[in-house]
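What follows is subunit A paired twice: with subunit B in the first complex and subunit C in the second.
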Partner chain A sequence: MLTLISTIIIMKKIKYSLLKAIDITGLTFLAPVVRLCYGEEPQVQFKKIGQWIIVPLIAVFIALFVIYDGFIVDTFKTKSGKLPTSSKIYSSYKSIDQLHDDEIAKEKAYNLSGEERVEELKVVEEKITSAEKSLEEASKAVEDQTLVSKAETAKDVAPIQAEYDELKESVKAASAARDVEMKLLAESITPGDEAAAQKLLGLVRADDAQDTLDKEKRNLTKEKINLILTKKSPALQKRKAEETYFSERLAFLKTYKTLLSTQNKSLIIDEKKEKIATYEKELASLSGADALKKAKSIVNQESVISKKEESEYAGSKTIWYQVKRSVLCVFTGFFLGSFLAIPIGIFCGLNKTFMAMMTPFIAIFKPVSPIVWLPIILILVMGAFPNPDKHPFMEFLGELPLLGVYKINPAFIASAITVALCSLWATMANTALGVASIDKDHMNVARVLKLGFFARLTKIIIPSSLPLIFAGLRISLGVGWMVLIAAELLSSSEGIGKFVFDEFNNGSSDSLAKMVVVVFIVGIIGLILDRIMVIFQRLVSFEGAPATI
Partner chain B sequence: MKNKKFTTLIMSAAVGAMSTGLVHADQLDVEKDSLKFGFIKLTDCAPLVIAKEKGFFQAEGLQVEVVAQPNWKTLLDNVISGDLDGAHMLSGQPIAATIGFGTKAHIVTSYTMDLNGNAITVSNDIWSKMQENDPKLDSPTPPHPITADSLVPVVEEILERGEKLQLGMVFPTSTHNYELRYWLASAGINPGMYTKSDTGGRTRAQVELSVTPPPMMPATLESGNIQGYCVGEPWNQQAVAKGIGVPVTTNYDIWKNNPEKVFGVSKKWADENPKTNIAVTKALIMAGKWLDETDADGKLVNREEAARILAKSNYVGADYDVIKNSMTGFFMFQKTDKREMPDFNVFFKHHCTYPWYSDGVWFLTQMRRWGQISDAKNKDWYIKTAKEVYKPEVYIAAAKLLLEEGKITEADVPWETDGFKPVTKDFIDGLEYNGKEPVKYLNSHKIGNKDPE
Partner chain C sequence: MSFLELKDVDVSFGPPSNRVDILKDINLSVEENEFVAIIGFSGSGKSTLMNLLSGLQLPSNGSSSFKGKAIKEPGPELGIMFQNYSLLPWLSVGDNVKLAIDRVFPKLSKTEVHEKMLHYVKMVKLDHAVDKKPHELSGGMRQRASLSRTLSLDPEVLLLDEPLSALDALTRSELQDQILNIWESDKRTVVMITNDVDEAVLMADRIVPLTMGPGATLSKEFVVNMPRPRNRHTLNDEPEFMRLKSEITAFMLGLNKESKEMKSDIKVAMPDVQPRDFSLPIAAPRFSHLQSKHISPNAN
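On to the complex of A and B.
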């Protein structure tokens, strides 16, 4: 009995803290679900759930699968083929993710040692055998399909090609006939015969017009042939995609195997150690110059080993690493910008003269695009770190415990500064507004109490303008996230922007799908960042400022 | 059963270790074992990618990261700033940087990455006009080499309209710029001169050449901003695949076996890391050899695998079919015109990886011809400058170690050369090039600067 009561009490408590959490995070669409679970006005809740959860889901479903997959994909074509369907986009996501997992697996394989390594090696060899078989089958399928598609294309082209050849011949003949006619007329003209000259001119004009017409006709037919030739057979595309998939899997497995065997770190070190041991034995039986040489080799190899022991697997950067680095970069820029914007904003709000002084700078720099800032900042940062590899500040950043792996370089710093420069304006304006609109009574009370400047700042100014400051910070972070992608694209700083640009440069048949995947990744991360800021904003607002969407 | 398999595995591993132990000389004690190299998304970055993916860098005790760069300017800046340890560079880049055309920095090279591998593509529209001017071209398989003669009326027609034919190339000091200019000039079209004040190279130009990064070429052609371009692979095959343009000539037809990309590092880096430099060169030589390996019939055996590796999205990333076209000894001029071109990409044959002084001198003559070098220079200057950039001594040191390890043969390396290739006339206009007489060669061109000998 007692436990039942306590559970009910806890459940009740949880209900309100849940609802409060939902309210603070602004995820209000979840509230009716919670209320429904507690049986509170089921009808009202159902209606709300329908409105805020089911309707949006249906909208997404219709937009994605009906309008996009069913209609847009089939009507709109690019030079590299059809637009990717939503299932193609999803499979591209899988392949990007696969690449990430592969890199992690490779790194692990490189560092694996002892019994584990041998076990893993066995597993891999079995996998390779089966992958080879699958690849063989896929290649065979491609070959068969190629023959079929080729025959189809040839069949489609043949009639048009015949038509084209015929047209070419007939045009040639007609043109030759006209040439003869013109020549005859020209020869028959007696000098001074105005009418005949006009007739000749007319004939030549007509001939020229006919030539242009014929040319257009010919080009049109040719275009038709080209269209058929450039059209890709979907069946063949599919077979080829399968073949590519299997060959990539096989290539990965083979690399994985070498990392477990010939290129494995522990194995190489053992091998070198053995070598040193034999050298040492040989050294004992040598003298003179030979002994010196041997001793030098030993020391040399010892140094190689010590470096090998510290070495790390150099893989390629994959999407999740890039995402993390982008997020790090946006926060660096965001904090940098806020660090400048909040104090300046406070002074602007407190002092009209200061505000007037700042206005021209704000007015001119605020509309400048990140595309303009970045190259300028990049040159400045490069100038500040002429030799970034050996600069003490860079070395310090490289050795930081959690940030070291993100290899902070001038491109990163330039991107972060660009983010700061583009995003600080919202925070600055909101801070100034917040400070300027503090209740005059509060300030008067401070004056009566004879509070010092710092006491006023910490007790009155900052607390009462916090809600507006955070509203500004939220906008800033959103702007910063958008700016960052463009900045990375230009500076080729490792991150999501670079991923998009690399894919654009690849121009392969699945590049478009991969770029669309990035749209969703960027959108979802932007959403998460926004929600985080909303939570902060709600936490500093006392009187339950209106919920934000 | 399982146990038996296990023992054979151990046995084979042991045998492998023993045999490598016997053949391997001592590994170099490199100064820096974790390296970052840059490349541009072109198939001729293959030696770098292969050296990484096939473990040739690993075998030298190097952990290498290979990072795509957005354009040649950023790539060079990153090498100069030290963000990259080295990079896949245009042959003209180290030379131009060293003499101070564009960004000034002393860059050196001890490895030439490949020969040939570029083509000139024009839009479908220009192609059909060229066909009208020269009916021989109006065929599914027109005769090659195609000169710019049939382009002359097109250029003139556009000039009459008060416009200029717009052509794209990848960088002011790229081989593509010099090849495109060579091709145009051999038909009497003036591609424009660089002067001290005109760094765009458009003085007296009949056509307008502008810079576009290689991967952007097809998109720029498609959007109509340019009507043709000269670029490396896979961007010409991409134009064919997308049906937006027609490659009219390859640089193999403009100059047979011309040097293309080099592996460049800053002089400072090379001085600080001499052993690492040798180790890197060793790995690259092995990669080049792997790429050009042939079977008894002379068929390139590793190119399909290489094309598969290059097609990965973190390397060149274009479709495998597109990359395969040129990498496996073929070139597709039109959908109907796929030709055998075994030497379209050369990565090791003809002693091509050796850093020849004569290659450097040729680029210097072209820079002088088009005015990128604004003052007249004497013969000795050309040769001295080439020697500042090309470092065959590093190449030979690396090759010697490989020979000791039994990984290459005596015939793979030109041990005794003075660094100058034999005199050649393999140009589209038949001029003779002798690397030891740069000024004479310069003066033999019809269009371009001429200097007193």
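On to the complex of A and C.
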């Protein structure tokens, strides 16, 4: 009995903390689900679930599968064919994700050594044989399907072709008959007979018109045939996609194998070591210039080994790596901007003269587009780091424990500064507003307590304006995230923007689908960033706090 | 020279061309450990008077002095308790009080500050709500938290600006007793603003009425010669209490009437509206609240 009561109490506590968490994160559509789980007014909850979960899902479904797949895909054409359907977009996502897994596997293979490497090599060889087999099967299926499709197409084309031939024949015959008629008339004309000449002219005109008409008719039928011929059979395309998939897998497995064997780090080092050992043996038996040469090549080999030991697998950058680098870049810029914006905003709010002093700068720089900032900043940053690989600051950044892998370079710094410059205005304006609109009573409290400037700042001004500051930070982060993608695209700083640009330049058949995938990735990350800021904003808010939006 | 003094003080607002006098010719002197109540109608400039005493506002003319020195800026020795609580909403009750203690006793250690805070919070019987934020409290509790913060400043003068105006009758009497208890156990100078005659007579040594604004001034004072502690339950039977109450009430009402007469020469043109039909509509809507506002010309 007692345990039952205590469980009920705990369950209730969980319920309220769940609801509170939902409220703080602003994910209010989850609240009716929680309430329903606790059996609270099921009818009301069902209604709310219908309204806030099912209706949006239906809307997404209709937009994606009915409007987009049904109409838009068929209406618009691009250079590389139709727009990607939703299933194609999803498979593009899969392939992007697969690429990421492959790169990780490759890196692992490159660093594998000893017994493990041998084992893995065996596994891979088995996989390669089976993959070759699958590829062969797939290719055969494609061939078969090609034949079938060709036969089908021929069957479809045959009646129209017959119609076309018939048309051609009849037109030819009619044209010949007209020619004969015209010739006869021309021969029968006596010079000076105007009426007869006019009649001939009329006949020739009619013949020309008839020819054009016939030609059009013929072309129309020809087009029909071409349409059937160019139509891609869905079955064949499916087989071809399978074939491509298997050939891609096989290509990956083969690279994987080379990374385990000929290009493997430990293997190469071992080889060099062996070489050194033989050289050393040879050195013992040499003298004079030959000995010096040998000794030099030993030292040379040794330096190669030490370089190889430090080296890392240099694969292509995958989407998740780029996403992480973009998020790092946006936060770098965001913090940089906030460190400037909050103090300036506070002084603007405190002092009207300072505000007046800052107004021209704010008014002029605020509307400047990131596209203008970026090249200027890129030039400045490149000027500051003329030789970035050797610069001590860059080397320091490269050796940082968690950030080292992201290879911070001038392009990254320029992107971050652009983000900072474009995003700091919202924070600055909101901070100034928050500080300027502090409750007069609270300032009176500060006066009665005779708080000094610093105590006033930390005890009254900042806590009181925090809700508005965080509202500004939230807007800034949103702006920064939008700006960043453009900045990365322009500066080709490794990140989501670069991924989009690479795909744009790549122009392969699935580039467009991959870019659409990026749309969703960017959107979802932006949403998460916004939610994080909302949580912070709610945590620093107090009852009766001033708020925007 | 008295303890706290206002001498020929004027307070006016606005640009020179359109200056409005809020207070005029204010003369007030408060002795040490005296409990003075200032009573007046709303809008007569009571809060401005309080700001003058606390140093939050400086007089346009005349002088304000505390212990013989001119009041130039607010400080903890003139502990004002604001009318609208003025608790910092992002701090708990305890932290609000601690903020004050930290300023006045900067040398105390953390535990000492905490103990002192508990002492003052207990004084107003709010120790169960130390960790609550102001918005989680009722109006009366907020008022008490504000009082506790003011007391924690250990002020030489306690300036209470309508401390009980926002409270219901029950909470009000409870808090009145608390203030009186605190004052009686730990004597200090108190200036309290109120609009309640009963409250003023119950609590104060001296009651000074403030005339109607604009250009409000202090008028003749009433001295309350009743023994302390005063018992609110038997107070109604005391002839002195009844006499003072009726005298002050009559005086205040007289003030009100006087001010209305002063205004009565301003005639507002009323529209000549006559009802066409006196019979009630079927579902008669009630317009009583509108009538009291718009139709009677002399209301307020």
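Everything below uses one rule, namely that the second predicted complex is superposed on the first by the 428 of 549 C-alpha atoms of A that agree within 3 Å, B and C clash if a C-alpha of one lies under 4 Å from a C-alpha of the other, contacts with A are read in each partner's own complex, and residues count from 1 in each chain.
To be clear about the criterion, a contact is a pair of C-beta atoms (placed from the backbone, for glycine too) under 8 Å apart; a residue touches a chain by one contact, two chains touch by 3 or more.
Fair warning: this is a prediction, and the values are worked out from it, not measured in the lab.
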Which superposed partner A:196 touches (first subunit B, second subunit C, both, neither): neither
First (subunit B), second (subunit C), both or neither touched by A:314: first
Which of subunit B and subunit C A:436 touches, first, second, both or neither: neither
Touching partner for A:445 - first (subunit B), second (subunit C), both, neither: second
Contacts of A:459 with subunit B and subunit C, given as first, second, both or neither: second
Subunit B versus subunit C as contact partner of A:389, first or second or both or neither: first
Comparison of subunit B and subunit C by subunit A residues contacted: B
Subunit B and subunit C footprints on subunit A, overlapping residues: none
Subunit B to subunit A touching residues, read off their complex: 5-6, 9-10, 13, 16-17, 20-21, 26-30, 33-36, 41, 53, 55, 58, 61, 63-70, 74, 77, 81-83, 124, 128, 132, 213, 215-216, 218-219, 222, 238, 241-244, 308-309, 311-314, 316-322, 335-336
Subunit C to subunit A touching residues, read off their complex: 54, 56, 73-76, 78-80, 82, 84, 86, 88-91, 99-100, 103-104, 133-135, 153
Interfacial residue positions of subunit A with respect to subunit B in the complex: 79-80, 99, 118, 121-122, 215, 219, 222, 226-227, 229-230, 240, 244, 247-248, 251, 255, 258, 261-263, 267, 271-272, 274-275, 297, 300-301, 303-304, 307-308, 311-317, 382, 385-390, 409-411, 492, 494, 501-509, 511, 514
Touching residues (chain side subunit A, partner subunit C) in the complex: 439, 441-442, 444-445, 447-451, 455, 459-460, 463-464, 466, 540, 542-545
